[in-house]
Structure formats: C-alpha cells, structure tokens
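Down below is the structure, laid out as structure tokens.
Order of writing sets the chain letters: A, B, C and D. Residues in each chain are counted from 1.
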Amino acid sequence: MSNQFLILPILIPLISGISIALLPFRSEKSRNLFNLTAVLLNSFVILWLILSRPAGSLTLLYLTKTLPFALKLDGLGIIFLGLIGFLWPVSTLYSFEYMEHDKNQPRFFSFYTICYGVTAGVALSANPITMYFFYELLTLVTVPLVAHEGDRQSMAAVRKYIIYSMGGAALSLTGILMLLSHAGSVEFVYGGIGQLFQGDSFLLLAYLLTFIGFGVKSAVFPLHAWLPAAGVAPTPVTALLHAVAVVKSGVFAAIRSTYYTFGPDLLAGTWAQQSTAVAAAFTIVFGSVMALREQHLKRRLAYSTVSNLSYILFGMSLMTAEGLVAGLSHMLFHGVIKITLFFCAGTVLCKTGRAYVPQTTGLGRKMPVTFITFLISGLALTGTPLLPGYISKMNLLMSAALAGGPFAMAGIIALLLSAILTAAYLLPMGIRAFLVTPEDSLSFTEHDRDPGWQMLVPFTVLVLTMLVLGIHAEPLMNALESLIMGSV
Amino acid sequence: MATVQNFPFAAIMLYLAGGVTCCVLKPKASKVVCLLLNSLVTVLMFAVLLYTVRTGESYVYWMGHFPAPWGNEIRIGPLEALMGTAFPLIMTLTLLGGMEHIFEDVEPEKTNLYFTVVSLLMVAMLALIFTNDLFTAYVFVEINTIASCALVMLKYRSGRALVATTRYMMMSLLGSGLFLLGIVILYSITGHLLMEPMARKIRELFSTGNYAFPLTVTVGLFAVGMALKSALWPFSAWLPDAHSSATVSSSGILSGLVVKSYIILLLKIFYRVIGIDLVYSSGITNILFLFGFGAIVFGSFYALREKDIKRMLAYSSVAQIGYIYLGIGIGTSLGAKAACIQILVHAITKPLLFCTAGAFMSASGGSRRFENLRGAGRRDLLSGIAFTIGALSMIGIPLFAGFITKLHLTRSLFLFGTWKFWFGIAALVISTVLNTLYYLAAVSVLFQKVPGDSPPVERPSASLFYRCSVIIFSVLNLLYGIFSEPVTQIIQSGLSLFS
Amino acid sequence: MGSNLTSNYFEVTAVICFSIGFTMLFLNKNLIKKVIGFNFMDSSIFLFLASNGYITGRISPIITNGSVASENYINPIPAGLVLTGIVVSVSVSAFLLALTTRLYLRYHTLDLDEMIRLSRAEDD
Amino acid sequence: MNSNISLLFPILFPMLCGIAVGLIPALKDEKRRRVFVLTALSISFLLTISQILLPEASLYVCTLAPKAEISFAVDAVTRFFAGLIAFMWLMSGIFSFEYMKHEKNHNRYYCFYLLGEGAMLGVAFAANYVTMYLCFEWMTLMTLPMVLHSQTEDALKAGMKYLLYSFAGAFAGLLGIPFLVRFGTTLDFIPGGVLDMTLVQGHETLLLGVAFAVILGFGAKAGLFPLHAWLPTAHPVAPAPASAVLSGVITKAGVIAIIRVIYYQFGAAFLRGTWMQTALLCTALVTIFMGSSMAYREKILKKRLAYSTVSQVSYILFGLFLMNTTAMTGSLLHVLCHSVVKDGLFLCAGAIIYKTGKTDVEELTGIGKEMPVVLWCFTLCALALIGIPPMCGFMSKWYLALGSLSSSIPVISWLGPVILLISALLTAAYLLPITIRGFFPGEGYNYSALVKKEPNAWMLLPLILLAALAAFTIFPQPFLAMVENVTASLM
C-alpha cells in the first residue's frame, strides 16, 4: 500500500476547515452536517491507514540538504492517531449543541477542524523537524480557539498561552538542532538515532532543552500555568484541546524525543533522566493538590489534567519498555476519561450556568444522565477496578517497581498520593450531586434538565468505551506492547 | 575578460544616467524609466551571478587602465553578485508596492525627483557592495546617506518627516565621521587605500606585532561607525521616527536595503581589509554580539508596546538587525553565513509588511493607529493574507523564510559552554515569544469582525502594481522558506572567497 | 608614549579637533551649532590626511624647472583625497542648512528637541 | 481443583436482587418488598453455605489486563468467613424490616444493602490479590450510601470521611501489587507466601516497608490505629441495622485482607521476627488501649459501641500479627465472637432508639424496666465481649494471651496480655453501667409512668438468637474444628 495516502489525514481536515469558513452554507444545520461528515471521513481514513499500515516514509520536500520534511506511520503514531481519530468526531458532535447560540460559529468550527489535521500531522511526522513544524502550527491554530470569547479574560489567557508555548517551542528547536548536529540519520527509530555515545553532557543538555520545550505543552510543574488559565475557552476547546489533543501532542513529542530520537540507553541513569522523573513526580502531586484547592469546575479538571499528564511523563521517564507501555495506556485511558469529565462540566455550565463546585450539590436529581457519567468517569480516573484508570495506574506502579531506584520509589508514592487526592476532588462532588439537601431543592429552575441528544450520544459512547476498556483491556495492552516494540 | 564581467560597472553607470534623466522628465515618464532601469539591472546582475557561480571565483575589474596600487577597482564574487541581484529586484518590487503612496505623498510636480533620489541610492548601494577601495567606499557611504535622507524627507507638508530626516542625518554623519577617521588612520599606517595591498601590509604588521593598538582602534572605529549608520540597538534612536514617517515604499527601501548595504560593507572590511582572524581576536565581535542581543530584546519589547503599525514594524526592524549582528558576533563562519541569510530574509519580508501596512492605512482612512485599523484585513483580503505570511515568516514558522535564519543561527550557536551559547538561546526564546505576541496581536486586530462595515467600505488599493508586487513578495517568501538550499550554497562559497 | 605625542603633533591636533567637532555635532541642541561642529570635525580629518603627505625638505608637487623626478616632491595623493573629502562635506553641509531653514520656517525654532515635541503634537 | 460456575452464584445473586429492589417499581410496596428481601437474604445464605461445604473449587472469570486476572476460589479462610458474613447479613436484614419504618427511601437502602453483601462475599471468595482489591473497593462504594442514608449534613461529612479514609487505605493496599509482581512469583493466594527468595535478596527492608504500608492500608477498614478516625464518626450515623453490619462484618473484610496479605502473599516465615512484626504489634496494642479508653469517655451509645469495635478488632489483629497457631486460633475465635456480639449490641441499641428515641447513655436509666428482653440480650452480649467464662469472649482472649506468652518476642510477649486485661476491664467499665442503670434505676425512678415498650417479634428474634449464640463456646468443638483446618493449612 503506497504511502502517498499518508498526507490524507492532514489534508482532509485542512481543506474542509477552510471551506467551512468560506463556503456560504444555507443553514447552520447543513454546515454542521458537512463538518461532521468531513471529520468522520477523516477518522475512517485514519482507521483504514492504521489497518493497512503503509511502510516507509513519504518525503514531501527538503528544507535543507540534510533536513527532509517527511511523514511516516509507525507504532507510536498509530496509537496517537487512533486516540484523536476516535475522540474528534465525538467532540465535534458535542460542540454542535454547545455552540448553538454562539455568534461567530463558522470561525470556531473551521479552526476546530483544521486543528484535527495539524494534530494528525504531529502524529504522522517522521523526523524531529517535521514534528516541530506541526507542533508550532498547532499553537497558532489553537490561539483563535482559546481566544474565542474575545473578552479581556480570554485575551489574558491567550497571551499566557502564547508566551509559554512559543518559548517552549524555541527551546525544543534548539535541542533538536543540537542533536541533529551530532547525529547522522534523522528518522525516528525505536531505541533512538544511532551512534550517540553515552553520557555526553552536550547531548544531555540537548535532551533537557527538548524536554522543557515539549514539557510546556504537557504542563510539567514550572511550565503548567497556561493550562488552567486556558479554561476560559468554550468547553469543546478545553475538552478536546486542553485535555486531549494539544497536551497529548506535547506528551507524544516528549516520548518521541526520549524513545525515538535520543534513545533510552543514552539517557538511562543520567542526570537528565533523574530530572525528568523528579519533575514528573512533583507535578503529579502538585496538580492534584491544586485541583483540590480549586473551586471552579473547569479549572479543577484542568489541574487534574496537569497531574495526569505527569503520570504519562513519569512512565516515560523510567526509560524502560514497560514504563512506556504503561504511560501510553494511561495516555489513551486518560484521554477518554478526561474528555467525558469536561463534557459533563460543559453541559452543566451551558445548561444551568453553574461553574463552581459548591453550586452543583443536588443537581444530579435534575440531570441524572450527566451526573451518572460524571460519577463513573470520576471513579475511572481515581482508579477503581473494572474501569480503565485502574489498569493504567497498576501498570505504571508495576513498571516503576520493576525499574527500581530511589526516583521510581518517589514516583510510586507520588502516584498513590495523587490517587487519594483525585478521589478527594472528584468523588465527593459526584456523590453530593445526588443528595438533595432541603435548602438546595428550591434553587433549581425549570431548565436544569438533561441536554439534547447531541450531547447524550457522546456521553453514552464514551461511558461504554470506558466500561469495555476497563473490563477487557488485555487485547489493547498486548497491541500496545507489539506496536511499541517496533514490530512496525 | 568575458563581456559579463563589466556588467556591474555598467549597472552603476546606468543608474547614474537614469538618475540624471529622471530629474528632467515628467513624473509619469520618470516612473517608467526608473522601473525599466531597475528591472534591466536585475537581469544584468542575474547574468553576473550565474557567471560567478559557474566560475566559482571572484574577479577584479579595473576602472581605468592603471594597475593595482594606483588605479581604482571593484571586485565581484558570488556573494556580491547575489546581493547585487537581490537589491534591485527588491527595489523594483517595493517601488511597485508603494506606487500610489508615492504619487499621493510626494508633491505632484516633484515626484520625478523621488525617482532620481532612488536611482542615486541604488548607485551608492551597488558601489558599496562592489567597491574594492576604501576611500571610494567613504564617498559612496556619504552619497548613500544623502540619498536615504532625501527619501525620508520627501513627504509632502509633513513636519514630522523633516524632523526625522534631520535626526537621521545628524546620527549618520557621526557614523561616517568615525568611518573616515578609521580610513585615514589605516591609510597613514599602511600607505594604501586598495583593500588587497592594505590587507597584505596589515598581516605583516600583525605578525610583527607593532601598531597593534592603532589597528584595534581602527577596527573599533569601523564597527561603531557602521553600527551607527545601520541602527544597531544603542544607536537606533533615529530609526523608528525615520522609517515610520517616510512614505510606504521608502520606509520599505530604508529598512530592507539601505541598512543592509552598510552591514555588507562592514563584513567586507572585516573579511578583506583587516582579516577575519584579527577581528575575532580583537574582541570587537563580542561587543557586537552583546549589542545584537540588546537590539533583539529591546526592539521586540518596544514593538510590543507600540500602538502605531508603522512604528511597530520599524522597531521590529531594530530587532531583526540585532539578529544580523548576533550572527556576526558569534565569531565563526557559520555565524557570518547566518547573518547573510538574515540580511536576505529581512530584505524580502520587511518591505512586504510595509507595503501591506500602507494598504491597510489607505483601506481605513489613512490612520496608522491600531484601533482605527480594526478589520482592515477583512476589507482588503489580499494584503491581509500577505501581512499574515510576512508575520509568520518574522515569527519563524517552518516553511517560511524566517525559519531558515532561526535554523542557521541556532546551528551556529553550538559553541557549547561559552556564555554566547546561553545568551543566544535566551535571545532566540525571547524574540520568538515577543514576535509572536505583537505580530499575532496585529493579525487578530486586522481580522477582527467589526460590526459596522460588513462589505469592503474602502475600494481596496486595487492597482495592478500593488497586487503583483505583494503576490511576488509572498511567493518569494514561501519559495525561500522551502528551497533555501541553493541560496545558502551561494552565500557559503561567496564568504569563503570574500577575503 | 610621550615621544610620539611631541613628534607627530599634526596628528595629535587633528584628533583633538576631531573630538571637539564630534561632541559639538552630538550634544548640541541648536541645529546651526551642529552644522558648525560637523564642518569642524571634517576639516580636522582633512588636516590629518594632508599632513600625512608632507615629507620635510621637499617642495610642493608643481613642476617648476622641468625636473620630474619624484624624489624632490612631496606625496600628492593625500591632497587629492582631501579635495574629494571637501566636496563631500560641502554638499552635506548645504543639505543640512537647507533642512534647517525649512524647519525654522515651519517651527520658528532651531532647538531640535523643541522641534520633535512640536512635530509629535502636530501629528496626533 | 475443578472450576465450577456455581462459585459465582453467592456473589452475583445478592447483587442482582439488590438491583432488582432498587429499580423494579413493583417492589415499592412495603409488604411485597419485605418478602422479596427476606427470601433474597436467606437464599444467598443457603447458597454460601452450599458453596462452603463443597470440596476445594476455583473459577477463573476474566483478565482485566496482563497480570490482572479475576478469579474466585474456596479455601479454608473463605469457608470460615463466608458463612459468618451471610449469616450476619441475614440477622440484621430481619431486624431492619421493622426498624426502617421510621426511615425514608427504603428501596435505595435495601438495594445497596444487598449489593454490599455481594461485594463482601466477593472479598471472601477472592482467589488472588487483584480480585480481592477489586471487591474491597467496590464494597466501600456499595456500603457508602448506607452511611449517607439519612442525608443530613453530618451524615454527608461522615460519608465523605469514610470514603476518603477507605480509599486511602485501599490505595496503600494497591502498593503491594507491583512489588509482589516484582519479587513474587504470582499474585494468587498460596498458603505460605509467593515471594521468590532469590529476587528478594538485597531488598528486605524495602519489601518489609511495603508490607507494613499494605497492612496499615487494609487495617484502615479494620480500624487499625493510623487510619481509624473514620469509624467512630461513620458507624453511628448509619441506621442501626446498617451500622451493625458495618461494625460487625465489614471490619472483618479488613481482617480477611490482612490474613491474605500476611499468610498467603508475603508469607509468615518472611515476616516473623522482623522489626515490622514488632511495629505491627505495637500499633495493634495502641489501638486496643486507645479504643477502649475513648469508648469509656464517649456519652452517645452508638459512638461508644463504634469505639469498642475499634479496640475489639485490634484484638483480632494482635492475634494475627503474633503469627503462631494458638494466637491464630484465638483471633479467629474472636472474629466469630466479635461479629455475633457487636451485631447484637448494635441491634439492641437500634431497638432502644427505635422504641424510645434515646441515644444518650445517661438517658437509659430504667430502660430494663421498659424493655426487659432487649436489655437482657444486651447484657449477655456485653458479658461475652468482656470475656466472662461461659461466654465466647473468654475463650478467644484465653487463646490470645496464651499465644502472646508463647511467642518469643522480647517485650510484647508479656506486655500483650497485660494490655488485654486492662482493656477487658475498660470494656466492663463502659458496658456494664448501662445494664446496671437499666435494671436498678434507683429511687428517683417513678414506676407509675412505666409503660412496656417491647419491640415486636421481627426485631426480637435476631436479638435473642445472637444473644444465645454469644455463648457458643460452651460447645466449642464444631467452631474449634473450623478454626483448626484454617490454622493447619497456614502454619
């Protein structure tokens, strides 16, 4: 199967995104239909590509003599593509109802769909420079989405978002170029680009710079401030971008640079690995603590994303294959769980206008479906068995125990602490929602009821995936294992 | 002696003739003459470029039949030829881009003088690029100053342009004064004015070790002189006023080309006259590096706070010039290559931004402040898109020209452990972040949906000249971003043949 | 160090005059004083240049009694350079003075900072 | 080990009935619901007994992920605990029909009551660490609504405290899995432990630390010292039958987990004689003493009984931590005794609250006159708890003291019995005054206003049965046999 088709997952959303903005649609409904079909088509193309798995890399152009612009579909790319391919149609459907009475919808939906193509680009890129290009383009495409409301608050959030992302991007570019000046071949290959000798402090510095660069998007401790601030954006944006696509591409890029460029054997045991492990472990606890303190619902979920992303980074920083598999499993499960949580928060916000946690006590009686989904995904995130969170958490703990060493122990303690904190900031809210204390019942208005079908379908789909993943995750885990090992 | 070899000299003579004829012709006719002249010179210089690249060495051209120590000569290598083609090409495109504004801003019956001044400016710049004699360099530096001041001044009934011109004149006279003093001291030491014999004498002196102090002083004088004229940060007080109060095309020419000609002269002096190793050992490059860093930080910072689009672009020029001096200051051939690439990239992008800024001003009632420019991008879609391409290239997004500079500059920074590495990284990060902030802010203001005017209120500047210049500029930007390899090769070989 | 100062006193005076002219051009507020400073700076450089050509005991390079041997004449090149230099500085001073008159007619002041303030006010 | 599907029935049946009670509208009616719940409880009791009497059986259900299989099995420990659990659930179920008349939303209560039983049996039947952990967590979630039942603000607070403490404990328990995977051969429960000594070579202290954390984690459910704070606040808040089950049986889930971890995963041989064993024994003793002293000071009857649970369960843990057969027999006997007795005491308290609404100990003067049968049952159970010879408490305390003395641990061997004795005295101090004041109100009591407030038959039946059972050690043989086959398989 020739690899020309690799360009499709990037082009389809790009073209349809632009055409959404430009074509004069008769009605909102027809534009939504067009948008949904385009996104679904792209997901099927992705599915088809994953199944037929074209080999080799497609070089589009040569930036400089030694730096090609190339696309390739390998194990890691398949996992990330699969995640966004599955979640994007669901969230587009959700955003139709959310953005119902919004004034500039064409602009929103066009950038929303373009972003799909750019994230696919990040997944498909074959060498660090192409990935860097899509990575930076992703920042630019998401800027208008974060600044959608246009009020003073979202402007401040966008400013912070730009400062962090562009600063990080510049650093990661330096790191990549430092590496390329040393390494011969440029292609991503599991185990890292060859002939990098152990412990050369120039390369370790390069790795640290790339880690900081990509760490910004994956919200590691000192560089996380933009994520909660970006909570002001409309929920489909915060749900998809800041819980799934943008932050996951940060983590994806970090994994690419650790396992597929610098190579775990170069980094294992060095101060670079220790610093990443410490940063990740600290962020795990820090994110959960901040989430517990935060009363605004979406900011609380944003902080919980900060902490959960560092789960993945911690798995990655173990520099072992099991650690990577565990990290990736958490990437998938967290993506599904967190997007559901954001959708529930968004429905509550859009239907009842309540954004703060104390206001939702007793609301479960009026919006049963939303709050049952919220409770189930809360349980999943805390890691109760029979739900996906448990499996990735257990794998993380096992790989950390196997890796051994003081930093892995610190990570294990951080993981458990954060699990308790997650329980503390998600479950009470979920349970309180179903217990109507007398004085709350009179504060409900008639339109506090469950949303329309366009929101309920995503809820049910996501809850079902969670249950299936929770109960029968073994085939998926074995698939992860084989994909990573580079059988592709 | 292939006929191609005397094209550079012919180009200078053509421009002189063009300048003279323009001041007698009527404005319309002088416009046509000037444009034809420019395109002709571009073609000639392109032929020279092909010749030098094919032969792969730089040749000397005697003006008059006297051999080296007495006669005057010019020297053309691949790098000079490349700059020689680029300058007239960008001059033509900028003139096309700003043509309506020239006829609006300059007094009706004096517009032909504008084209005279432009031709004189081209004479001076080409001479600076090719000359092999220091005193001729001084003379053309002075002609360059007068011509560029005239360009700034030619804004009808604008007091601000006059004041800006005086400030600009004063500062650049300081620069040329120091430059002349440096030449005179060198002349009194070596006894020559031509670059090659002078370089041989200096190498002897350098090896014997005497005259060490005067030599470092002259290097300092040349560097500070040229820094003053090319508005490097501590001396850049005059640039924002001068570049923002001039007409659209002249501010494009000023920030795109004039400033660069001085830097090319400085590079030539460093490489050919004093010898690059002496320059690196004298430590002047570290100072230039620090000034470059300061330019990037302060230029971007001031641009961020600017409310007027042309002043913002002027301040961003200060920052981009800082990039060039950062490249020179790194002190390796890689650094110099990155500097030359930045010269070309900035020359392509900045005039585009100025022309589109001019179009926005005419599309929103001639005001330069951002709050009146709201939605201008929607009203004039072509310049909106062109401005965005220019902005993305300035930020340094891959596939655009700006990224190539960032790529080469970062590569040249890898002298691990030295303080330059850390300052360089810091400069890169700060400038990317600040550039993104103020360019994206500008783009978002331009594309804001203003409730009042849904249909394009003002007839967008639909003249053919403007449209094709903006399109060619944008395409040039994208092409350079993607196929930058051949140009980098030419620069590389040119630099090696420079000394 | 001391001996050099006394022996080539031409160069020393030239550099002192240059620095005086430079500071006048740079620091003065009044435009006319700036132009004067510029001319003073340029003529000091030409002094430096011309004095370079002088060889003691030789006569000026005008052929009087038909002898063309170069030994008994001083070096004429610096003098030629000074000529071009003077042409350049004259044209620049002319341009500056024209500018000053135009500005005076408009702002009725010769103080550069005052002019800047007035032009800024006029523009907004 | 034939794998038969019937093993799932005792776990799934109560759950299905619970869901049925919760959802089917037809069961809203009082009478029909009472019959349905009674039959459900008794059938599940019979099913559990049938499963226990069968020979060894195990059932592999499914794999959640590599190394995380769900499988159930019947072994000595299951036989001992499952029957107890089902019986206790039946007793307080019967009691609750009458008691719930004063409460609201009955269907929700019974739904989670039955679901709780299913999860509890799951913990008993679990065959490997992961299944036990799964049932452990779901049991917390199922029993939480029982604590939140009254939906008052402090019930909510107590519920959240209960949730977070048991989740904290559960996550500490989760810590065991990765290290057992690394150092042990399998996660299944194998008597004598699964640790592969070659792997463990350099890492003893790390593994002991992990084991300590795991035991403290599961100890949370059993009210062991560091994580016991939720027990005195959560139990009294729940309705009486629920708090009876919570105190009497659900604390035993913690005990099952600790037995599994010590004897079936890390292996008693590995843990015996280490610094960790002495640390555990100290915590147990501290809890025993602290529980009884706090109970003595507590004024509200149900809170007092909750504190007494904290100290009594630590008796059992103390026996387990000693890791020798006699101590083991003592602690298992005390499991039986404590479940029966604490159930009885809570049900009596429930009956008193149901009939007279009095919750404070001071208000109970002359209760014996109004409700003689209830207070007689209360007294019998109290005597059993204190350890007066004919009742069951005496025998278990006897074995515990013997086990502690025979263990060779330097200080603890004599300090243990001393603390047991002091705590027995304290138990007497906080239980007997209620009986004395109940039966002999003294002269201030006016007999004229006396009115008989005996609860109806449904309530009295379980009380009398439990009070009678409290003296089971009069004919100890069957129970000793049960305990015997557990200790034989372990030591």
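Assume contacts are C-beta pairs under 8 Å (C-beta built on N, C-alpha and C of every residue); 3 or more make two chains touch, one makes a residue touch a chain.
Fair warning: this is a prediction, and the values are worked out from it, not measured in the lab.
Note on interfaces A-B and B-C: more C-beta pairs are in contact across B-C.
Taking the mean of each chain's C-alpha atoms, the chain whose centre lies closest to the overall C-alpha mean is A. Averaging Cα coordinates per chain places chain A and chain B 44 Å apart. Inter-chain spacing, taken between the CA centroids of chain A and chain C, is 69 Å. Chain B and chain C have Cα centroids separated by 28 Å.
Put simply, the C-alpha centre of chain C and that of chain D have 105 angstrom between them. None of the residues of chain D touches two or more other chains. For chain B, no residue reaches two or more other chains under the stated contact definition.
Looking at chain C, no residue sits in touch with two or more other chains.
Contact between chains, per the stated criterion, is found for A-B, A-D, B-C.
Residues 11, 18, 21-22, 25-26, 31, 34, 38, 41-42, 45, 48-49, 52, 78, 81, 84-85, 88, 91-92, 95-96, 99-100, 102-103, 106-107, 112, 115-116, 118-120, 122-123 of chain C touch chain B in their complex.
Residue ranges on chain B touching chain C, taken from their complex, read 135, 138-139, 142, 145-146, 149, 153, 159-160, 162-163, 165-167, 169-170, 173-174, 177-178, 180-181, 184, 187-188, 193. Chain B contributes residues 392, 395, 397-399, 404, 406-407, 410-411, 413-414, 416, 425, 428-429, 432-433, 436-437, 440, 444, 449, 482, 484-485, 488 to its touches with chain A in the complex. Considering their complex, residues 62-68, 130, 133-134, 137-138, 141, 144, 148, 151, 153, 156, 159-160, 163-164, 167-168, 171-172, 174-175, 177-179, 181-182, 206 of chain D touch chain A.
Interface residues of chain A facing chain D in the complex, by the touch rule stated above, are 379, 382-386, 390-391, 393-395, 397-398, 400-402, 404, 409, 412, 416, 419-420, 423-424, 427-428, 431-432, 435-437, 470-474, 477-478.
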